[in-house]
Amino acid sequence: MFRMTLNVLRNLFTPKATRLYPARVREPFAGYRGQLEIHIEDCIFCGLCARKCPALCIAVDIKTGKWECDPFACVYCGICADHCPTDALFFADRHRAPAEKHSLMSYTGQPPKKKEKSVAATAGSEAPANRKSAPAD
Amino acid sequence: MFDALVTRARVKSPWVLHFDCGSCNGCDIETLACLTPMYDIERFGMINVGNPKHADVLLVTGTVNHRNKKVLQALYEEMPDPKVVIAIGACGLSGGVFRDAYNVVGGVDRVIPVDVYVPGCPARPEAIIDGVVAALGKLRQKAVPTAAGAGGNGRFHPRMKATGSS
Amino acid sequence: MSNLVLLLVVLPFVAAAAIYGLRAAALRSGLVMLTGGVLAVASVVLLARGLEHDFTGLPTAVLGVAWDTLITVADFALLGVILLWGLRRKSALVVLFTAAQLVLLAIFERFVLEPGPAFAPLYADSLSLILVLIISIVGSIICIYGLPYMRIHEEHLALRRSRQPEFFFYMILFLGAMNGLVLARNLLWFYFFFEVTTFCSFMLIQHDRTEEAIRNATRALWMNSLGGLAFLLGVVIAYGELGTIDMLAVVQSGSPTGVLLGALGLLAVAGFTKAAQLPFQSWLLGAMVAPTPVSALLHSSTMVKAGVYVVLRFAPAFAGTALSTGLALCGGFTFLACAALAIGQSNGKRILAYSTVSNLGLILACAGINTKAAFTAAVLLIVFHALSKGLLFLCVGSIEQEIGSRNVEDMRGLFHRMPRTAVITITGILSMLLPPFGVLVSKWLAIQAAAENIVVVTLVALGSALTVVYWARWAGLLMGSRKAGAPWESQPLLTRGALAVLCGAVVVLSLLTPVVYGELILPMFAAMPALDAAAPLEVGAGGVLGGPMGAFAVYPVFVVLVVGLLAAVLFMRRTGRTRYTHPYLSGIHVGERDAGVFRGPMNLPVTAELGNYYLATIFGEARLTRSANLAAIVLILLMMGLAMKGGVPS
Amino acid sequence: MKEPVIDVTPAAVGNEVRQMKDAGWRLVGLSGAMVDDEQIDILYHFDKDLTLSHFRLRAPRTAPLPSISAVYSAAFLGENELQDLFAVRFENLVPDFKRTLYLEEEITTIPFATNVKAAEKKT
Amino acid sequence: MARTVIPFGPQHPVLPEPIHLKLVVEDEIVQEAIPALGYVHRGLEMLAQKRDFHQMVQVVERICGICSMIHSLCYCQGIEEMMGIEVPRRARLLRTLWSELHRSHSHLLWLGLFADSFGFESLFMQLWRIRERILDLNEATAGNRVIVSVNVIGGVRAEISEEQQRWILGEMAGFERDMNRIRSTLLEDYTVKSRTVGKGVLTREMAYELGAAGPVLRGSGIAQDMRQLGYAAYGDLDFEPVVEAAGDAYARCKVRFGEVMQSIRLVRQILGELAKETDPALAAKVKGRPEGEVVCRVEQPRGECLYYLKGSGKPQLDRVRVRTPTFANVPPLLAMLPGVELADVPVLVLSIDPCISCTER
Amino acid sequence: MKIALLTLAGLVLAPLAGGLLAGVDRKVTAWLQSRKGPPIIQPFYDLIKLFAKEKLAVNPWQVLCAWVYLMAAVFSVVLFFNQADLLLLFFVQAVGAVFLVMGALSVPSPYSQVGAQRELLQVLTYEPLLMLVFVGIYQVTGSFRISSVLDHPRPLLLELPLLYLVLTYALTIKLRKSPFDFSTSHHAHQELVRGVLTEYSGPFLGLVELAHWYETVLILGLCALFWATSVPGMAILLGATYFLELLVDNTMARMTWRWMLRYVWTVGLVLAFTNLLWLHL
């Protein structure tokens, strides 16, 4: 009890520990995975992010040049950004703001012209393919 | 004048019920961290009350599953009006990485109406504070009980029927 | 005057005999009601005639036989009957104590007693009158309540032959004996009536003739016989010292010596047994097997009051002596110990029984403090305790007949089933522990009176806190919600009437506390020169009972609290927009709104049972009784020893 | 697996487990895995001084299996879980949650035995 | 005696997570405690059949948000063992470092909740304030406060720069000072001790027989710590399991407090080793697909965690089975409860450091 | 007339003072925990909000009990400012305590029930102590009236230091502070949820809260009697006492009622008895 009295009295007479967010915003650490963003112009719509995403929240359509992510399902692990061959995907260091409604992150870009068929096929079929299960022996 | 005072008191005194609805603890500990000296949401007059009958704000973390959806619904109904619901973290928003697990119903809004969604995995305390501030805005909008509000009598029919497994 | 005494004492004996002979239920009911009514009226008339009567005009003989002779003969007959019962029940203790009384009485009457100066054998002052009122009014109400009660009681027992004549015989007989006891001036008369109450109590406890009833009745008999023996011994020794069997002479003997103090101590012990003080509480607890009107009449409202009456009667004689201090300690200790024991009980009647013993202890403590303030507290407590406790016993009786249990746990949410009785019971309970009710006024006075003696006041402080525990939780659990349109309870008119009248009396008389004090108690002190000089309290403007030590604003408190309660009821009624919901059950309630059912393990519905704490490890009988009895025995011996030493108070 | 795996039969498992307990092994846990559509592997993991040892009980999923909760009382949790997830049945399991440890009536299929309706689910 | 039946949970302020205990009490002494689980069950072991074995790393990380890093560590080690992957030493050291950071933040969190369970709010506040130091370290080094997502199969994803290493070392000093300030309150205060000493005693024999794990086991005098297996870089480090003999809630508290201090020492050792390590490689290449069966164990803050993995050469594993420490500690908890006071129920529930999301997955 | 004015002032100012004190309490507690804490007037926001919330109850008895609790608290404050009898004031205060318990018992909710039982045990613990404090005051001043305390020339504290300590036990229990916050706690993380207050909600909880403010003022008023000779002395005594309460609250774990019964009764009774004894000798 005596030691705790010293502790609380120290607290009483020293500056408070409280960070006054949102009045004062602390500088985020470099490398903090705040929210997923994309430079859509750099995206080649390879679909690697969609295939690697453990939350299956990214959908890439190479035909229409559409890149979509469900920010409500994203788990901010950064795997997609790690695998992005062009570093179009990256993480901003501010956390994603709360929302009152559900909306998709939807971007449309220019899909590259060549090799379009094979990539599109993978991107389109991978997600459902994951759903088939039933273990073999 | 009186209404303005009531509204001001409401916004200044949001008592929070935190319900862990099958979360991985990530968002829970961040919610709890909001109470601690570093974040201290009591600055905003918030108290963690732990009893739906005393709460104005319901903070829900985690995926809704078939067993806890009933609890969630019951807690929501036991809260007196006016009330707001904040869903926290990817799981509470949509089921997150577990969306397609067999016992996962989905996000909180499958069972009760959600006013504010706080994304993150887990949502960091600053994000939760942002969410609460947004919810207070919602609370300000909710009518004084004399004018029967949209929240009605606290009985809510889920927009989306919370049905079977995935 | 003499007619009134005849009505109050003799009529019950006659009526009882008539009832015993009557087999027709309607006639019996009529006679019981008639006797009750006459008694009540007679007691009021007696009061109206004045506060002190010495009944000098009484005829000394009836049909040529002197009253004294009649009483003596009856006394021997009674002792003989008790002795026979003792033999029949094979109780060595009963036989021993009764035989000793017989021998002692015979020797005393034959060889020792000499004719002294003549005095009227009966006497009444306001203390007696108050008790006569209680006996005649509350007692009559209880007897009348007993009419429907016993009918239902016997329906449950499915008797071939009704035993109600016998039952009401003893009940009514008892009323007469009680009146005789409190009006007696001749100590031998006093002793006779004392023994009649013992015998009535014994017969009524064993009324149902179950094994348990017989065992408990026998225990009650030997303990009370011991009391009778102590009483008789006391009388004999006092006679040896003072040469008189005039009670007033004994009371006014002034600065008693060691031997006389010892005699007074013996009388006090007799009072202890009759008032079921520790260590004699077990007979009263056992007496709870009797039908509830018996418990209400004999074992809370009146007969046990005979015990405290004896002590109070003689208390002024030993004011300021060590006996007085010892008595205060004994009483205070009983108050504390029995309040603690009551916490460990879940049986409603046992709670009431312990509470009775506890309150009697407080009365005796007041008698021991022996100041006017204390005396006032004691008398007020007698009055209000009789009303409230009588009411509560009747409530428990009705509840038991409806729900089939006297366990308070089974009375949870009683308001749902018996709204009227529940509200009356709650009122009765609150009247035992909260202002503005009379019991609390007396307790307030008792604390003030005890404030000089730090040991007694500590005992009282602890005891009254313990009292709150067992009362408050009982009152609380009677509450509950009623569904709209739920059937209203039905009750025999006499039952309902008895409850309503007693409940009303509790409330009204509480309001009239200043009047009771000013008109009945204050004049009593004129005859008590031994006590301290100053009047303890003055009745101030607006019903403020004020003294040098403090003030209890009876009317203001009453008005504020009653208005507050009514306002609260009004607020409650006006909560029209209130939404009624489930109790909080961690979010898993199922089923009806106030069923308290939740979905437990394996998805099965589980009822959230509720239970009070009985704290058996702290307040249980098994834990406390032995040591409390031991302590009480030590205290009594100490008291007697100090008295015999004739020492000054410590 | 690099640790020793001892194959046991449903009839022998009770005895074998008791011997492990008598030899001072701690039951770490139970694991279940479908071998094919019919057969289930139940692995009992034991530990003694940081070394592991396993039992492998291979049996048809639908046949009742003996419970070891009488030997290691703590096994009740693992066995109840296996009942939930694989709809196997352990006999003399105390306490037996009867497939309600995790699951609600809304789950109509057996999680790990896909395509099998939980017809035999008791209430 | 009158019974009171209390639905303790699923929603209950002292329970950090939804679990239900049907408590039967008499005079507040618990007579019977029957649990009901399933409020957190998601069925995520089943996801192994829907995700490939790389994606599963992030899934198992989210079994539990407190020891997430150690879950993925165990999983990765299992896969690496199955596939015969040699993890670079630097990666192993870094894994160990984050493991220890997780252990200390988890224990601090627990110490705080434990203090809260017996109503010592300001102690809870102090402990959680200290804990923020570790969360800052996590965030700065791995990009997130709680779920750090550093493990991948074959190694780690993040590097800790030399500058950061120095900073960590400095933080450790401050951390140690803070802990020493709180030590006497937590371990010697009269009120704390009277709420914890002798509560929920689990004897050595009971603990072993009921299969207790981690601090619960070590609090009952059994020196068993999976880190002694020497996985990751633990084989190169010098430490002894923290053991207390008494087996009560206080002993478990003391073990965890001791382990926080031990973690500080371990972090210092690891930083020393890191400075010596010259190979910059963080992850080995992964080729092929997992095949076979493997059982892998690590020491989580809550105790021994066991993974059973089964692959058959497909991208998806056949079976991921997780036996978490709390799963093992539930039977000991149930054995502790009868006979204690109602007020001690939260203390005892917390004394096993329950992680229901681990238990039910 | 003066007394009537004082009473009226007490009636109005007591809740203001009580609420403000609750605010200061929360602020200082936050500081002791190195937090910023809520604004000082936070309790008033809370109360207004509660009164504006939907009315929710389990049964009407609860509502009745809450009202009676409030009235009893108000009336005991009135009696205090009327300089009435301490025992009378104590009994009126007990009406509130009993009705609070009964309200909690009227609901088929285990948390509220257990809370009520614990509340009763708290009543059992502090009542005799308070009564002995009053007896001590009587022994010094010769009367149970507050007015005679005010007429007493010397501060009571000098003669009743140990009984003042005993009073602070009662204060701590009444304020529901650690280590005695088990029937209902200001902190959510308690095994009884909110104990006796679990089933009160919205405006009805507001009533109880308001009554609690009155009670706080009443008990602090009793403390103030111990230095009734000068206003600054009174203020210092109260300030120091309350700060001590906060320190105790922040440096102790919550204990159990079994401990309370054992510890407070023995220590409290020994302290009280010693003090009374030396007055006697």
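Observations, loosely collected:
Order as written gives the chain letters A, B, C, D, E and F; numbering starts at 1 within each chain.
Following the convention adopted for this analysis, a contact is a pair of C-beta atoms (placed from the backbone, for glycine too) under 8 Å apart; a residue touches a chain by one contact, two chains touch by 3 or more.
Only a predicted model underlies this, so the values are computations on that prediction, with no experimental measurement involved.
Listed here as common contacts of chain B and chain C: D, E, F.
Taking the CA centroid of chain D as reference, the farthest chain centroid is that of C.
Remark: the per-chain Cα centre closest to the mean position of all protein Cα atoms belongs to F. Highest inter-chain contact count (C-beta pairs) belongs to C-F. With chains reduced to the mean position of their C-alpha atoms, the one farthest from chain E is C.
Centroid to centroid, with C-alpha atoms defining each point, chain A and chain D lie 39 Å apart. If you average the Cα atoms of chain B and of chain F, the two centres end up 34 Å apart. Distance between chain centres (mean CA atoms), chain B to chain E: 28 Å. One finds 25 Å separating the Cα centroids of chain D and chain E.
Across the assembly, chain F contributes residues 32-36, 54-56, 110-111, 113, 117, 188-190, 193, 198-199, 250-252 that each touch 2 or more other chains. Contacts with at least two other chains are made by residues 1, 4, 8, 16-18, 20, 54-55, 75-77, 131, 133-135, 137 of chain A. Residue positions 579, 581-582, 584-588, 601-602, 608, 610, 612-613 of chain C are each in touch with at least two other chains. Those residues of chain A that touch chain F in the shared complex are 1, 4-5, 8-9, 11-12, 14, 16-18, 20. Across the interface of their complex, chain C is touched by residues 54-61, 63-64, 67-68, 71-72, 75, 84-88, 91-92, 94-95, 97-98, 101-113, 116-117, 120-121, 123-125, 127-128, 131-132, 135, 138-139, 142-145, 193, 198-199, 261, 269, 272-273, 276-277, 280 of chain F.
On the chain C side of its complex with chain D, the touching residues are 601-603.
Here chain B touches chain E in the complex through residues 19-30, 32-33, 36-38, 48-52, 62-63, 65, 67-68, 71, 75, 96-98, 100-104, 121-122, 124, going by the rule given at the top.
By the touch criterion stated above, chain B contacts chain F in their complex at residues 5-6, 8-10, 12-13, 15, 36-37, 40, 42-45, 47-51, 53-54, 56, 78, 80-82, 144-145, 154.
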